[in-house]
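The structure is given below, and queries will be raised subsequently.
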Amino acid sequence: MPKYGMVIDLNKCTQCEACITACKLENNVQIVSKENAALGRAMFWMKLLDSNFEGAYPDIRPTKIPMLCLQCDEPPCTKVCPVRATYKRDDGIVAQIYPQCIGCRYCMANCPYSAKTFNWLKDEQQIENEKCYNTDVSVRPKGVVEKCTFCIHRLQAAREKAKSEHRKLQESDYIPACAEVCAAHAIYFGDLDDPHSQVFKLINDYRKFTLQEELGTKPKVYYLSAKAE
Amino acid sequence: MEINRRDFMKLIGGSLAGLALGGAAGAMMKLPKSMEAVLYSGPRIESWKLTACTKCPGGCSLKVRLIDNFPIQVFGNPLSPVNEGGICSMGLASVASIYHPSRLTGPVKNVNGEFVPISYDEAYKILSDELKKIISQNKHDDVFLVTQTESRLRAGMFNKFSEEIGFKNLILDNFRTASSFPYKNISVDAPDFIDFDKCDYLLNFGSQMAEISNNPLYYTRKINEHRSKGFKITSVQPKLTPGIAKSDDWIPLLPVSFKDFALGIAYVLLRDEKYDKNFTGKYFSGFNDFRQYVLDNYYPDKAQELTGVPSDKILQIGREFENASAPAAYFDEAVLYNSNGTQNASAIIALNALKGFRGFGKIKDNFFSSMLGKDNESIENISFAKLKERLSGNESIQALIISSSNFVFNNPGQEALKKQLSSIPFIVSFSSFVDETSSFAHLIIPDHDDFEKIDLLFDESMGIPAITIRQPVVSQFFNTVDTGDILISLMKDLKPGIKIPFQNYSDYIKQAANKIYSNREGILMDQSKPTAIEKGLRKIGWNTEQYPSFDDFWDSLLEAGGWWNPFADKESYNPKIDFKQIFNKGSLLPKSSLYSLPNNNLRLNIFRKNLDYKGSMSIYPVLVEQFGSNWSVFYELWAEINPDTARKFSVNNRSKVVLRTNKGKFTAILIYNPAVMPGNLDVPFGLGHVDFGDNCGVNPLAYSDDLSDKQTGKATFSETLVEIVSASPGDSPSSAQIMTNENKMTGTESRSIYA
Amino acid sequence: MDNHQILDEDEILFRPIYQTGKGFYVLAAALLTVFMFGVVMYIRQLIFGLGVTGMNEPVTWGFYIISFVFFIGISHAGTLISAILRLSKAEWRRPITRMAEVITGIVLLIGGLHPIIDLGRPDRILNIFERGRLQSPLLWDLTSITAYFTASTIYLYLPLIPDIALLRDRGGRFNKLYTILSWGYEGTERQKHVLERAINILMIMVIPIAISVHTVISWIFSMTLQPGWHSTIFGPYFVVGAIFSGIAALIIVMIAFRKTFHFDDYLKKIHFNYLGTLLLVMSLLWFYFTFAEYLTTFYGHEPPEMRVFLYKFTGGYSPFFWLMVFCNFIVPVVFLSNKKLKTIPGILVASIAVVIGMWLERLIIVVPSLANPRLPFPTGIYIPSLTEISLLAAAIAAFILGFMVFSKLFPLISIWEIKVGREESVRIVSERLNEYLPSKGHIRKQIV
Amino acid sequence: MPGKIKSFFGKLIFIQIILLSFLWMLAAGMTLLLINLVHVSYEVNDHQSASIAISILGIAIFWVLAGILTYVLFGLYKGRKKGA
């Protein structure tokens, strides 16, 4: 069984935010109305961690981190869900079952990375965005929690494709939208257990770190970063 | 609206995006009735097509995903050498514009303030009659054409048109032309590219290479590569944008004193005698005057006084520059965004000349120019400045022809501009939306959407000729006409008996492509990069790509989405330069007043985000929402300020402030950002459209002083003074918050995360 | 036959059941409107989704969860207190226990509803039964609250039986109902014995259940990784807080009925004195816990914890925090530790302060932790909307209404216990005393 | 008259039994629920032990409660004065 994970090289990332746009369009994440956005209900599965700086002016540098659901190996969110609407799959992806969620938002309260978002109101998707719908992804109704799923629908598609071609699933078959569009090739995705995969090599890199390591959630999204001299 | 609600319920019930696509269609999508039927009950068959992006000059190759032949999503084409599968936010969002509800579905005529739809023939008749009248009165000089199209072939078409008819005033103002203007200004042609194979030191003046440049995605990759090779990048910029943050050294500097800084560096080279004597001897006429001038006026302490950059820093940069074997001092359009932009650019060119432009290169016998005709010469004699001058002067303008340009929004002094425009007797626009500019038009003949057009995009900035083809991925939705076709038929009507070698625009494109075919070099973008062996074989004339006829080539070109020539040879760039008219003794600008701020004043520094290339973001809701998202500011203007400055004015983080310039008051959300130049108030450009898509926020240009570069008429982005009138409480981050951000990120004290 | 003429010595306790003044209907109408308004607002929320509340990201829990914790806390007034008093054979408990138990019953119903109000998809509530996870603290709650509700209702019902029998014997309204509910109680020795036994068993059983309930509720929070929640002290801390607010609520209710139904003769100053002292003790205990909680946080000085800490002490929530300390500690201590101020009005003031303070405490616990996420996202802001406020009002209205209805059906003070007390307790107590007082004879021996 | 009373008492006990049975239903219901949940936790195999522990507690409590009430009510019923 593979164990899917992601590595983001912050030394390469230019914070062009293409991954964020790609994620929004790929997953039909709703665009809330202006009022709700002002209330802090804007929905992003992927976002840049708020700016946070290193060094002293003028040698200062922003360290913005592309944040998505870190797909923890010890997910705190699944522990508290009362209806098993979020759970960890065998391939390590922390999935959501939207039709089962009762919207108690306990998982959000327990996510130390605030990676989850909630459909506060009816889908207010704006007109223009309607057409950009990705037909592979279901639209979430109001009152359920949603989050990044490593574009799990792409995995399904890839599986079927491989099956129809009578071959095994290769690493190149399945890649989330954010990793696909990254212009700097800063986002790597693959099987963390497969010693031949690139991510496997990268997570043994000295620059590797994960967010909030001390919580023991064992995120499967790793970051690479080294201080430039 | 009622309908939407019901559709939404349906959508929730069905809970399948497929349904959403259908269900929502009736209310949501602006489409011909016939197509809606398909949308409702299509078989949902997926297909992919290749096309190119025209949002910027880069010409990325796009992979468009269609469901029942409706473009749904866009991705990058992994085989394209330009973007290698990458794509930027604008490209991703671009698919939305074709369905935009406020898109014009056909020609409209302005009947006292109201735009009423008319048939194309009628519209065309009005246009041609109007022009005929002018020509008969022999007032060619009173006709102005403005276009900012990034497609150089399209620009070429405009050129051809204006030449044939005899309209001298073509303002061709796209990124590439603007960037090469300073070279044209000293009558040399610009270098094709930065030679990253040789270049070992990049001194970047005000260009957001990885964000807004003539090939952002390529530069994104190259910057990383360049740095991983251990070479340095130094950026001189008033704002530390994420892209600039990639450079090893950031010199916060106001654009007004780029020139002083560049010459300050030049001084170091001259003083250390580390400049390329061979080159200066051969190509640099009037070098000794220049040398003298710099040595007299730009000794480090003086430079420090002029720029505010500490002299030892200037020395350091200077030494790095002079010791590099092939340094490049790079600039592009952005350098022109201030009142002495051209001068700045010339200084930078001079600096390059001292090292013989070793960092730059040209493509050997580049056949693009032959292919394009004279695409960007016109700017030599005419730039936006001239239009402004004419508008403000009493000389009347008979007609104004605008294509893919929204200059009212992109320029300061908008009130005056609007007044002047409304006095022009005849304005025709080819915009497919009623935006700030085209709302003044008397006639709008909407052009196709980008996904319905055909075009060829060229790029040399990679050091190899690359051509991506924009082909229509959908048959046109509405009653729109390709501007190119209109121009062609106009030529025929206005100049009877003219010889035009092509029937319509796509013919014209084909002929350009024919040049590639006959050139017989290069390969299509349907294969991975050629290996060294392949290259070797090529050198000895081996060529696997044989096409029996041009049509075969054309078909496979459409299939591949592009063509490039990895085997093209480079040659060094050594132009004959002459600065007599620019730097002569005594013409030393005084220190800019912007440095000595009157108290309780700040500098309004307008910066551009990569999400908005030229004020056209507002039709893409995804981008508008995302615009301020990493400051968690939504649909509102924000102003970044250095915390120290903020404390001086005692305004809190995230407080709502009212700002005042000479042009009036506007509100913004104040954001603490320690990377902002003290005394600056950085506001983003792109929000604040009045009647163009999603209007929210404020357009800072509307409130900035009406200054612009003398020669190019480019707007100034950072020379307006602003003061904070009032501020709401807001929340000041608790000390703990600031102290512990580091640990919050990584969870460990020691771990450093320098991105 | 006309039983109404039989005048009982405790007639005044029956009066509320048979006599209904105009004020009653006015008040009932007013409360009903408030309640209905709340219902309407909730229906609106059902239609438009939780967006009509003030909740957002990162503050994903608001008034609903606060009220939930708060009301369940109040419920401890009842059963726990009366059980403890019974257990400790405190004779002054007799007029109190009934009211206490009623509070529990009503408040549990209200509190138990709040998590459902808080759901984004209440229509899917049945998923809990189909695919629920017992590992989720929310399910622990479901179980323990149901258990507590059942237990305390039974615990309310059993002591009620003799009184129902009395009512039945008086005939008149609802006679059939009383007949059914009284199970033919006639005060025979055997029946008395059975009742005694059952009550004693329940009394023992209820205490652990009650404690478990609030411990589990505290675990909803402390089982998460949120800074400011993830704390071992939370279990006892919540229980103490619960009893604290419970006593306060009880005092308020008692004073209210004393005033309206003139129970002055039954609820004497002494009762309030004792309860006041109890309240004072709890207040000190509460302060001790609070102090312990925040001191450890401060000394640990973990960055995320400190953010919440500072947010409470100096940041956006400092006004609420200090108001809470004022209401929960300063006011009670001032009013209850001082002879002059420890009058019935004084005690009333203290208890009202405590109830408000405890509500604030729940607010302080729920919101700041959510508003300050671990990662450097901007601090969240939470402003309750009209919906939430009106639902809180409706909950309070429902509470009062419940009491009013009860007072029309059953006596608010356990009549038989009073009678028993009057007849026997003097004897019983003196006997008990004699049991553990040294006998005189013994002393004389020593002198000799 | 006595016949009337008799019939009423006949009904009475019936109604009372029904009331009591509600409690038993609750107990039974809770038991079923908990058992079901334990079963589910086995089905998807997550932390069965926890489920079992909780369910044992829960079930016990409800049955004891039901038991007590039954004991009381029937005790009272038996304890009535003879010849009432």
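Going by the order they are written in, the chains are A, B, C and D; count residues from 1 in each one.
Quick note on the criterion: contacts are C-beta pairs under 8 Å (C-beta built on N, C-alpha and C of every residue); 3 or more make two chains touch, one makes a residue touch a chain.
The shown structure was predicted, so the numbers you read here are calculated from the model rather than taken from an experiment.
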Chain with the smallest distance from its CA centroid to the overall CA centroid? A
Greatest number of touching C-beta pairs links chains A-B
Quick one: chain A and chain C, Cα centre-to-centre, how many Å? 44
Distance between the CA centroids of chain B and chain D (whole Å) is 77
Centre-of-Cα separation between chain D and chain A, whole angstrom: 49
Which integer distance in Å separates the CA centroid of chain A from that of chain B? 31
In chain A, which residues are in touch with two or more of the other chains? 40, 49-50, 52, 84, 122, 141-142, 211-212, 215
Touching at least 2 other chains, the residues of chain B are 632, 741, 744-745
At least two other chains touched by the same residue of chain C: list those residues. 131-133, 135, 139, 374-378
Considering the complex alone, what residue numbers of chain C touch chain D? 129-135, 139-140, 143, 146-147, 150-151, 154, 157-158, 161, 179-180, 183-186, 188-191, 193-195, 198, 201-202, 205, 209
In the complex with chain C, residue positions of chain A that touch it: 36, 39-41, 49-50, 52, 67, 76, 79-85, 100-106, 108-110, 112-114, 117-122, 141-145, 211-212, 215, 217
In the complex, chain B residues that touch chain C: 632, 654, 731, 733-737, 739-741, 743-745
Note which residues of chain C are touching chain B in the complex, please. 303-304, 306-307, 310-311, 314-316, 374-379
Considering only the defined contacts, which chain C positions touch chain A in the complex? 48-51, 54-61, 115, 118-122, 124-125, 127-128, 131-133, 135-139, 220, 223-226, 370, 373-378, 380-381
